[in-house]
Amino acid sequence: MHAIIRCQGKGLLHMNDDPRKPIMSLRNVDMYYEIKRGLLKQPARIGAVVDVSLDIHEGEVLAVVGESGCGKTTLGNVIIGMLKPTRGQILYNGKDLSQMTRQELKEFRSSVQLVQQDSYAALNPVKTLYHSLCGPVLHKKLARNKAEALKMVHEALDMVEISHEELDKYPHELSGGQRQRILMARAILMRPKLIVADEPVSMIDVSLRISILNLMAKLNKTLNIAFVYITHDFGTARYIARNGNICIMYLGKMVEYGNVQRVLEHPSHPYLQALLTAVPVPDPEIAKKKRNLPLKSIEMPSVAAPPPGCRFHPRCPYSVDICETEEPVLLEHNEGLCACHRVKELPQWSLRADR
Amino acid sequence: MNYFLRKLGTSLLNLIAVVVTIFIVLRMMPGDIIEPMAREEASRLGITYEEAYERVADRYNYNPQEPIYQQLVRYVKGLLRGDLGTSMLNPKNTVVSILSVALPWTIFVVSISLIISFILGMQLGALMAIRKRGIINNSITFYVTIVSAIPSYIIAIILSIIFVYQLRLFPKSGVYSIDVTPGFNMPFILSVLHYSVLPITTYVITSTGGWILNMKGSSVHVLGSDYVFAAQARGIPEKIIMRRYMKKNAMIPMITILAMAFGGMIGGAPLIEGQFQYLGMGAYLAKALGERDFILYQGLLLCISISVILANLVADLLYSKLDPRIRLE
Amino acid sequence: MTPKNIIEVRDLTVEFKKPRGSLLAVNHVDFDLREGSVTALVGESGSGKTTLAFTMLNIVNTTGKILSGSVNYNGTDVLKLKGEQLRRYRWKEISMIFQSAQSSLNPLMTIQQHFWETYLVHEPEADEKKVIPRFFRLLEDVMLDPDRVLKLYPHELSGGMKQRVMIAFSMLLSPRVIILDEPTTALDVITQDYIFSILDKIHNETGISMLLLTHDIGVVAKVADRIAVMYAGRIVEVGDIFTVFRHTAHPYAKALITTAPSLLDTDKDKEPIKGSPPDLIDLPPGCAFHPRCPYATEVCREKCPALTMIGEDHYVACHNSLPGKGAAAYE
Amino acid sequence: MTRLLHSFKDFFKVIFRNRQATIGLFILTFFVLLATVGAALTPLDMTVDYANRFQMPSWKHPLGTDYVGRDILAQVIHGSRDVITLGVVCAVMALGIGVIIGSVSAFVGGFTDTLLSFFTNIFLTIPAFPLMLILAVAFNVQNIWAAGFILAIVSWGGVARVVRGQILSLKHAEYIIACRIMGLKYWYIIFKEILPNMVSLLAVQFIGLFQNGIASSMGLMMLGVLTYRPTNWGVMLSLALQNTGIAYNPKGLIYFVTPIVCLALLQLGCIFFSSGIDQALNPRLRTE
Amino acid sequence: MRNLTVMRLRQIFSFVLILVLIFVLTACYSNTGNDPGTSPTNDSDSGPVVNKERVKRIAGGYWPAPPGFGGNLIGAQVGDVGYYVYESMFLVIVGTDRVVPRLAKEWKHEGNKTTVVLHDNRKWSDGTDFTAKDMWAYYLININSSAITRYLEAINVVDDYTLEFVWAEPVISDTQKMLLLAEGWQAVTPYHIFGEFVEQVAEIMKKGTPYTGDPTKRPPFGLVFEKDDQTALKNLYNDFKNVDMEKPIGTGPYMVDKVTNVEVDLVVNPYFPDSDKLEFQKIKMHTVSDYNSLLSSNETDSFVGTLPYDMARTILDASGTMVMYPLLEQKSVGVIFNTRVQPLNDKLVRQALNEVINKKPVREVANYWAVETGFATIGLVPSTIEKYVDKDVLAKFARYTGNTEKAAKMLEDAGWTKNSQGKWVDRNGRSYRFVIAANAGWGAQGITAASEVARQLTEFGFETEAKAVEATIVVSNMKAGAYDMMIDFVDMTWNISDPYKAFSSYYGDITEKAGIDLSAAPLILKDYEGKELNMKEAVSSLLYINDEQEYRDLVGRIAWATNDNAIAINLYQNVMAIWENSATSKGLPMEDEFKKYDRMMPLPRTEEEYEEIAILNRAYAPFAEVFVRNKVKPR
């Protein structure tokens, strides 16, 4: 339980003090996209990420979970500095990203890496792996000459358990799992402190997923790299971030935050509860008995025109008047954070409950 | 509606830009177009060069010694009044009057050819997509390859040598015979057809190949799509699948090419119409160029550019009409 | 009482020609679909499950070729059906919901046109006015507003709606079997759950047989009552869902079931299956799984195991899983 | 270096696997040889020999003589030099302009992009051939460079559009994003990541432009507005039409047909060769 | 799938079949659609008369497509139609300069007055009487564009059929008076239609004040106008030209019946005197698209145009009945030197270069039947020199024969030497490269001639390159001195071949191209007696010389001096071909010699022959004269 979260206008909320310092902090970050709609109309503003504050500590694994369109990928891009947030600060090692010097920015670029979902698209199809891996190393002067670069690449390949012969191949000649490992290798070649992994296993065969997740865990442990694991799959989130934190997002907002085990065992937010009930579990006896939390609507509202008040209220079975008018703020609840007006009044929820 | 307005706006902007571009290109002419004519006039009438120059320039609503922006203002003012200037060669012929005589024939020939080649291309292209091997496929491929290797004007030359000169089946010039009275009567229609068959044939021969290739590509793409497969799974008969699924979907991307093809055909008109002496825009373009009648050329070029812009607009509208996915935007 | 099989696949082999060589997507497969059951066909991409399902409709891709075998539907060999007969069989007897509901509808036709067209080609005498109430009912069954949805074009529907439309569509001619090819892959968890509840309802109400193709063990556990696991074009384990989950006999099936990370997990590390999926064009000799199998013996490298019964309604294709030994052999 | 040699070998291996592309390569090689070696070996004598006009093929004149008694074969060979140079000059220039405008448009984006796209659009709207005609007159073409430039001016639009589209899509490709995350410099991204991906596109465009440039230039020569070089195929064709009365004079047939056949062959070569080039330059298609 | 493709194939096939059918049907249409009377048949049953409809089909004649076809001659709105529809007061046969009266009956020169009496039986084709007012109207409306007005004081209408021309001082010679009266297209403005314009011009003319300045720049009728009046005149002229008449109204033998953008049909004008004697009932004119095929297929009866030798031969063979008459044109093609640059500013070098050129091969490639001349350049049309220059003077002219040895000697005498590469270098050791510009508008002819000259010069030791230059700029570039030489017309006149006309165009246009500006400084040349001549003054004095011997003497001196100065090479005097169809017309010149020459006739041998052929050429003398004289008849 290690996070410092600043809640809207209510000052910093200290949660269990963490001896490790945060390497990355997001402070009230908004990310709006503008979509042009002709010459005369005002461009539409889409809030992909709204008012998110987060801390990521050294060596931590943070899972960001939500359904498609909830803004988790945008959040990932904001963290790696690819997107400049419309509002709010991003602090790396306590320094604001927008005020960094060239040198600091260069360091930042190495320290935060991304592992993408589509491993084929993430590798240049016309270059061999040798070029894809050695090129950046040489270009960033991480190695003094080609031989040294090759040595570094070999070390990285050893780390991700890929044989050296594969270096002369083109991306399409490898399997999805191998490519994903190459992506990991490319990321660790930069000696990062933090890797944002955007659904790294969702396009990989089921039988290979565990090995990739295990690899990530290994990198986390041996190289002390912090991971932000972005996914829609609770199973893998729970597996990889088993001691870390989880952040649940809905329509661009963070709705719940806390320790993975606790949050998944005792979800507070009705949305998370609904989500968890719907997740299929690989046990026929439990799965067949499970009942869903009856939502009012299964359609997610448009991100471009989010509902007023609590964004979940049109679907929430517990919504009352206040939910329609007032936006709930993240409040401490049950050792975590939850953004729900009625969090204290909700009935207890359990995965195995036969309600 | 919004879509339509936006397209209209873009077209208008495009039009303005084209007017300015063509104007500037023509003003880039080296030497002075008026000069040789003024010299000729001066020597013929025995007047001073300066006087002759002024006379000629005045006659053509054009004076290259004015600053360029003044010329542009003069030109645009004329344009807004529907005045494109006067042919330099025949001062009595306004460009507009020549256009009104030439444009309909070109539009007639090009659109008929476009329709025929489009239909043929769609049918043959779809056929090639369905049957991947066989004599028919091979012969179509052969035809397409040959036609794409030989420029249209060479086909025009060969056709005219065979059918006009050797066999003497078709007239050498003109758009209809002098013996018929223009109007809606059978002899006139037959005569028009008789005169236009060769240019149309040339266009059809050369442009069908492109349509076949495009349609084949598009059809293969559609044939591989899930909804065709799904339709088969639903037990929809092949005939309906071909018609309603494959052809319709494959044709939609063709619509955008339609405008481009129109532009290409009209652009190639100077060579083809020139070869058959079919007196449409192309023949007049070639004529205007040969006689260095730049004012006429400018007017004709502007006119065909406008037709291309209009064709683009029409294609966009057609596209939105045929593809329900566009309407929502 | 032995339940009746509505579809019996016998010794089916389907080959695809590729530039590098030929590929057996389905390799001597025997498979039964029980009447009224929900059978899950589980396997990773490339395991041949989709090809197997397509042969049941007798639509194999143009590059594919059926080398041997038969697919018996109610006593008729589907693979021998031709022309009009085949056309009438499709959708009327077996319908299918495709993985990509997004793209399995003609973008140029409204939903009503789709429904009506399909209905008309199977019931040429039909009168559109009389059929429309039926469309309404079908769409209402999947919780859609028929008035609105029928007039829409495919692109105007959200993913979940489209999949529901497809479910209604598949029920259009009251078929006896529906094949569901990964029907929820692209959908959100909540929508997925909702769709399965609709399917469940339909199954309960009509007793229709369903064949669910998926790679998600969680979904199988929730929906299916029988399970068949495919690996490299072969079925390696078939059985009642409870039996297979509790007494998994094939090492691959075992790995698939146990290594899937799930909400129920404790914090133990899991041992992954080593190696990577086989190259279907260049299959290893013997049991295709042997290079990745921790229990592989000499015989696995040489001989391909046949599907044998090891318990009541429980079949497995593995040399090391003799009757009685069961899954315990590996624990 | 060996890697480069390796991919070079791969390239030809793939080309030779494709029958069409092989034929195309042979035709193109033939014409290139004709223009270089052939032109160097064959003397060109443009002296008028009026008495020996319209001779039938013989050892001395393998393709006979033209309307004033000059050897046709020598003219065609020396003409190919002009034709090919013109095509290459046109293609290089158009590709240069197109790539510069397209890539600036795509990389800079914003208002620049709008402006350049608009500009490109104008050149795509004005029908190419008439514009080319007027430019050919306007620039008073005196040499091959000017001629190529004119052809390039009207044909760069398509290239710019394609390049812009390709770069825009490559710009958002995930591996480019990965490079940006790694903090690699712009020049590295452009030259080492994006450019290799465009090689096959540019090659196909190049051949297309080459082909188009030759066909258009011959059309221009037929109308008599490009520089007069009596050996150029287009001029030969126009001279054949003007000076031999080809419609009735079978004696001029060889003179008339030769440039047409050469043109068609060259075009075929281009079409065939470009059918294999995508496969040969794309590693994914190459190994399939 | 298979059945489907077969069905589809059947559909496509039938579509293609329909297209082919349309193609074939329309092709057949040509055979039935054409007027059978216009295609002459060699059917023996019809006896000697093959051209039953008595139609003359004429190829050529540019007229703008309708709506540009207006009934007004001025501004060339009716093209060649004018030659049949309009008549003039006189006509001049170009080449012989013989003046033939048409509308004029008799005329008389008296001091500064010339009286012309017109025929009184003429009518416009709309039935209105033709009077002297119609004639007067022409000169007034064309006040600024008619050459004669500059030499006139006034034109008076004496009575309905008599006009009086009052000449300005100094009065020009009678010959010049006649030529001016006959030049161009006079006397063809129907007063009853354009009277309003004419009267307005007459009103404005009353406001003019007499001119007193430089006599060479005398304005029309010696009148100076206010700016407003000048503009008014200009506007009147333009308005007059823009009057649209559906068909031209003229007094000529034929009138327009139908017009399309490529064809015009003419029929006999019923108001023409003796119209019943016109043998051709109809004239069908077709604009030339491809003369070649028109001629080969006997689809035309008359055409004027020069063709390469082989094409002409092919056409004659293919047609079997066409006859080709070559006819000397009143212009010659040559190479003009740029006298501003070294070494071409040296007369000796120019003469040597003249000697170098062997004109035969140039002529063969450029204009086969043309006549080579031995002169450098004489200012006169070469074929007329014997007519205007005495024999003994002519003997003194320098001739150039293409003798390269002689040329080399000439250069050596001037101090030139050949270097090791065989190139000529001057006294200072400098060698030269030349560029010959050819007008690209001339097509192959220009550039082939230029190439041949360049080849000969290069062979001789002056590296020379031929270059085709865009028509609109080649002249102005040459005048600005951009090229060393240029292929262009040298000794020529545009219409009448009178020496004054010829010299005045030479000393103005050609000299300017050669870099000599006569208005900046007078050009003084020595004649054969060493007497100095101010060329400009000498040429204009020709206008006023009435005495024939004095005239010939001066012409001889000017021509000799011009030849001696050698600012150009006269390569050949152009020849054009006139084509007539002997299958449909009889009474053609040299009819009995067709066999002998295989219908490719020689150049006219006598003045009579020349004139007979010349009037077949519309540009030389109005072609209608042929029909009026009733010589050529339908067969």
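Each chain gets a letter, A, B, C, D and E, in the order it is written, and its residues are counted from 1.
Here is the rule we go by: a residue touches a chain if its C-beta (ideal position, glycine included) is under 8 Å from a C-beta of that chain, and two chains touch if they have at least 3 such contacts.
This structure is a prediction, so every number in the text was calculated from the model and none was measured.
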| note | Touching both subunit A and subunit B we find C, D
| request: Can you give the shortest number of steps from subunit A to subunit E, where adjacent chains in the path must touch? | output: 2
| Most distant chain from subunit C, judged by the mean position of its C-alpha atoms | E
| message | Can you compute the centre-to-centre distance for subunit C and subunit D, using the mean CA position of each chain? Integer Å is fine. | response | 53
| field | Rounded Å distance, subunit D centre to subunit E centre (Cα mean) | value | 44
| subunit B and subunit D: spacing of chain centres that average the CA atoms, whole Å | 24
| remark: Flagged in subunit D as touching 2+ other chains are 137, 140, 224-225, 247-248
| field | For subunit A, residues contacting two or more additional chains | value | none
| task | Going through subunit B residue by residue, note those that touch at least 2 other chains and give them in order. | result | 29-30, 164-165, 292
| remark: In the complex, the residues of subunit C that touch subunit A are 44-45, 158, 160-161, 188-194, 197, 215-222, 241-242, 245, 252, 255-257, 259-265, 267, 269-274, 276-277
| Residues of subunit D defined as touching subunit A within the complex | 3, 173-175, 177-185, 188, 192-193, 196-197, 199, 282-284, 287
| Which residues of subunit B touch subunit E in their complex? | 29-33, 35-36, 39, 43-48, 55, 58-59, 87, 90-93, 97-98, 100-102, 116, 119-120, 123-124, 126-127, 130-131, 136, 163-165, 167-179, 187, 190-191, 193-194, 197, 201, 204, 238-239, 242, 277, 279, 292
| message | Which stretch or stretches of subunit B touch subunit D in the complex? | response | 13-14, 17-18, 21-22, 25-26, 28-30, 145-146, 148-151, 153-154, 157, 160-161, 164-166, 263-264, 266-268, 270-271, 274, 285-286, 289-290, 292, 294, 297, 300-301, 304-305, 308-309, 312
| Residues on subunit A engaged by subunit D in the complex (per definition of touch) | 80-82, 105-106, 108-110, 112-114, 116, 118, 121-128, 131-132, 135-136, 139-140, 170, 172-173, 183, 186, 190
